[in-house]
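The data blocks that follow each hold one structure.
The same chain A turns up in both complexes below, where it pairs with chain B and then with chain C.
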Partner chain A sequence: MEREKKYIPSGLAGTYMRRIAESDPFVREIQDEPSALRLYMDTCTKCGVCAQECPVYYGQPDKRMHPVERSRQVLRLYKKYTTFWGRFWNAIFPKPDFEDNDAELFAERMYECLTCRRCAAFCPVGIDHSVISRVGRSLVDLMGLTPPSLAQGTHNSFETGNLEGASVEAFLDAIQFIEEELKEETGRDIAIPLDREGAEIFFLPPSGDVLVYAENLMGMAKIFHAIGADWTMSSRAFDGSNFGFTTGNNFSMKYENKHYIDACEKLGCKLMVMGECGHAYRVMKFMASEGRWWGALPFDITSGFEYTAQLIRTGKLKLDPDKNLDPVTYHDACQFAAGCGIVEEPREILKAACADYREMPDGGYTQWCCGGGGGLSALRSVRAFRMEVSGKKKAEQMRETDAKIVSTSCLQCRTQLKEIARHHKMPLQITGVHEMINNAIVLE
Partner chain B sequence: MAYEIVTLGGKEIEVDEDGFIQQPALWDEDVARDLARQDGIEEMTSDHWQVVYYIRNYWLKFEIAPLIRRLCKETEKDIDTIYDLFSAGPADGACKIAGLPTPTGCT
Partner chain C sequence: MNGFEFFVLYRLPYLAVPFYLIMLSVRIWVWMRFYNPALKLLPRARGSVYGVWKQQYRPTIHIFPGPRLQSTEWKRAIKGFVFFAGLYKRDKILWLGSWSLHLGLLLIIVAHVRVILPLDLDLICLRVALIGSGLMTVSGTYLLLRRIIIQRVREITDFRDYLAEVILLSFSATAFLVMLDGGVSSETLRHYVSGILMNTVEVIEVPHMFVWHMLAAQLLLIVIPFSHLLHLGGIFLSREFLGTSDTFAGEFGSGLKDRRD
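For the complex of A and B:
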């Protein structure tokens, strides 16, 4: 999607007129930002604890990668337009927001933050730099400088309802193939019901779990089959992911969310089970639902992990851990662990489904990001950065566990971990969590 | 988005910043050979062509790349073999050589 560049023109008249009217979307965007920004601005003591814990700063300890320094770039603009002294000095000595190539540099720097929230977990006053980076990214988006592959993803979501831009025919063909695979593997007719009105459960995986990898969806279909659940997917809204959350564009974020809420409501389902995408789940559960974006929703929302873990706890699923004999470790995806607090459930699932489960160092709520967080793993242009800087320690950690399989709960993490493993020459298999269930489940 | 014009297989073709061609209709075997050379594949063997043509034909039908599981099954190669053939992997390697536009999404 091409957007007009909203640079602030140099010269007093143009700048001043736009400031007075406050019609400039750039200014509006800053002024509308979460009040947390103000709090962070006032409370940051610049103690540097965040930098000690930041995966990016660990990979390249220089000023440019320092979280406080990155956030300062955003807070500078925020101060300029929202505080009394900022406005005062700007009225007397107006300066352009960016000079020369600074806007491009600003865009690059905003996409050097993984938005993993590890800083927030260690900061003595709880400053979450991912919030500030997201505000920065929303400004980048307004200037039309969002990296093309992310911009294309949000564009595809508008056009087709999924990130890949796949047509309904392509989706149906993939589903048919997956059903055939299920038949071949189990010898049973395990259907993937589509658009069934009045079904109890609406299942919403990220589109990559239908169009790229089949195993997670196969695992989930087997689970639903095993417990005899009344479930359905939608052939129009089958992509539970959210790129608007990543690019900072609130409109895209809400639109992508509304899309599948409408589908679920239309089918009259009572429970929405979301697949392995932490972005979509966080937006859905903690923003749209809690924040009443679309009023009170007529259905409950749960993640696939909570759903499956609950079935394991109550003994409804029969799993054979001997089907997964290789040592397995779990990599916490930022959005699920630090964003939604889903830490125990995937572990319960993996412990039940695998014979040899090992912990990864720095796991849990204060997880160490894979280095591809915040949409970075979808960017080919920053591959060197992801391999050598942001993903440096993750490679060491994966080697430390001595596992053969790394299971994770996010497609972006999978891409990144796969690339790290190949780059650092580790013979690792990277899987989804329900993929392990797909291997281990015993159907009676 | 800014596209660059490069000469591939004797034709001038627009490519994006990641090297994916933007005019899939101009794709032919010479273009594929040149794209492969950029990825360090000097010689396109029959195994390479089998994967490339499978992806290409699937894309012509559905305008997306096939499931990885399906690709492995239909070409009778496991994922490691595909990585051995295309060091950049199925998406950034094989799909690029097959002349598909840049894949979007998480993977």
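For the complex of A and C:
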């Protein structure tokens, strides 16, 4: 079982952790997870501010959607299995693990949190319910109750190295198609180099940007072409996303991350530029790299946004905003904004590439989630919930801006925003950020 | 002194104070398991437990990550802790209620300093305590009403939370009534405290309300470790590991600016 491969560090720390680990994997999962749970349990002032700021509670203000109430489902397990009094009372009055003894209901509830961290930004004591929901999701995963499409994505990543489960041949076909498109559009040979050893830059977009929304990759290819960059992609590791982070499966999260780290190291690149996926970037930059999961990495890591914004700031890119005349607004993807602190860069890019940029209300670090965060946009089963509950606030905001184009930095947001626009009958175009560059860049 | 007064003034403190100290120490120890003392011994610790903590997998990363300037960190921490600036930005009425409650509590605590200082500060301290307890009573009443009236707060409140707030309110209201009654002199308080410390019963002249105030204060110590009032200790760790000074100071996003500094 995958669980058994769960990451335990080598050496003394590993021995120590193994010694204190419970034999029951369910209990161990709770024990291994952040001790922060205890602090969360003890420091909540029960002020209700998180609910006021939570997009899900906004859409459906009842107890079930309350962040504290959802977290309580996980914390009662934590209490039951890891605290003295919890164990004591459970020995005397045993209680089932889940309310109504319903594991499926528990699973459903864990996927009613968008893991957007808006609550954490506003909570007076800094409690991050997304962390608790993620622990809940890891238990859900352990019970085999992860929603099938997410479980399939993780499975695909194990099997093929990409969520889509695409073969290398399919990838090569897509790249060839994109190169032809670039040629047709610009009249130039803009190559997308593959597996070039010793290249300066390793570019890692999410596979959706190769196989579904190619405009982002085209934009990036034009940028590299315009500045004469020495870059490459990998035909083995071409999916810079991370579903393990979403499903709470730590082993999968690390596995997916290691896959492209290995590819970059193998090619000997000096800089990894990551595409428009906040999950992968957050795991890579702020967990794997800062947490030194794999020791010191022999390359630097940056996001496509930081990279492009820097080029714009230094005047290395020539953009013609008149190529994007329709009013554009930006939707901050939670993982980039509240997870990685990337807020200004996409705006700098859009302001430089578009003639009429408009700010979304509450935009920036305290953005409202699109309603499809935390993997929800991949779940057709919760479409009604996404449209009417979790996406309610975003629909209102999109209407408020009066923009014709909503640009965003995440494939999941893109899917959700498209569906919201269709569902609420808003004639909006949803794009990626580098897609706007793709339109506006002037190649000399 | 009747049996009830004797119990509250001279017997309950032996139960309530150690209970509070033990329970709080246990909590702090549990919270400190973040740092896992055993890991401190490892070479990977690079001199700090925090170093090890960071190396372990914890998805509780900073909300708006990025290196900060030490001085900015401090400024924000002070803004957050002293003025609750983050809460001010989010909910001004709640801020007013909670900030004045904490200020009131602080004033009450400060007023008690006269017991250990060899100075005659009765006049000023009684006034400070009067203001503090008044402030705390008014804001405590608001917070309790808010808890009862507002749905999203009521939904997550259980019996222990109501109990804790009622006791807190009784603590400040009785303090206020004691102050209105002229208060208790430092000398009397010193007699009382030394009586407890020496386990001798000193006969003291205090207003009857003082006994109720002492009962509320001790019940408060007993109930704190089991209620949401426990944030009084946890917030210091939470600030370091769960939130950032950004969230406490309400300066969203300033991390990014600092990164460029």
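By our rule, the second predicted complex is superposed on the first by the 419 of 444 C-alpha atoms of A that agree within 3 Å, B and C clash if a C-alpha of one lies under 4 Å from a C-alpha of the other, contacts with A are read in each partner's own complex, and residues count from 1 in each chain.
One rule holds in what follows: contacts are C-beta pairs under 8 Å (C-beta built on N, C-alpha and C of every residue); 3 or more make two chains touch, one makes a residue touch a chain.
Note that the structure is predicted; figures quoted are calculated from it, not measured.
> Under the superposition described at the top, does placing chain B and chain C together on chain A give a clash or a fit?
fit
> Can A:T415 be said to touch chain B (first), chain C (second), both, or neither?
first
> Go through the superposed model and pick first if A:S207 touches only chain B, second if only chain C, both, or neither.
first
> According to the stated criteria, A:K63 is in contact with first (chain B), second (chain C), both, or neither; which is it?
So A:K63 only meets chain C here.
> Quick one: chain B or chain C, who's touching more of chain A?
C
> Considering only the touch criterion stated at the top, classify A:V49 as touching first (chain B), second (chain C), both, or neither.
second
> Between chain B (first) and chain C (second), which, if any, makes contact with A:E215: first, second, both or neither?
first
> Where does A:A166 make contact in the superposed view: on chain B (first), on chain C (second), on both, or on neither?
The first partner, chain B, only.
> For the superposed model, what is the least distance in angstrom between any CA atom of chain B and any CA atom of chain C?
Chain B and chain C, overlaid via chain A, are at closest 22 Å apart by C-alpha.
> Hey, what residues of chain A end up touching chain B and chain C alike?
Overlap of chain B and chain C footprints on chain A: empty.
> With touch defined as at the start, can you tell me which chain A residues reach chain C in the complex?
It is residues 7, 9, 11-13, 16, 34-36, 38-40, 42-49, 51-53, 57, 61-63, 66, 68-69, 72, 117, 120-128, 131, 134, 245, 250, 254, 282, 285-287, 290-293, 338-344, 364-366 of chain A that touch chain C.
> Report the residues of chain B in contact with chain A in the complex, numbered from low to high.
Touching chain A: residues 1, 16-18, 62-65, 67-70, 83, 89, 92, 102-107 of chain B.
> Using the touch definition up top, name the residues of chain A that touch chain B in the complex.
These residues of chain A touch chain B: 2, 148-149, 151-153, 156, 162-167, 169-170, 173-174, 177-178, 181, 206-208, 211-215, 241, 277, 377-378, 380-381, 410-412, 414-415, 418, 422.
> For the complex, give me every residue of chain C touching chain A.
My answer: residues 27, 30-31, 33-34, 38-39, 42, 44, 52, 54-66, 84, 86-87, 90-91, 94, 98, 147, 150-153, 155-157, 161, 228, 230-231, 234-235, 237-239, 241-244, 247-248, 252-253, 255-256, 259.
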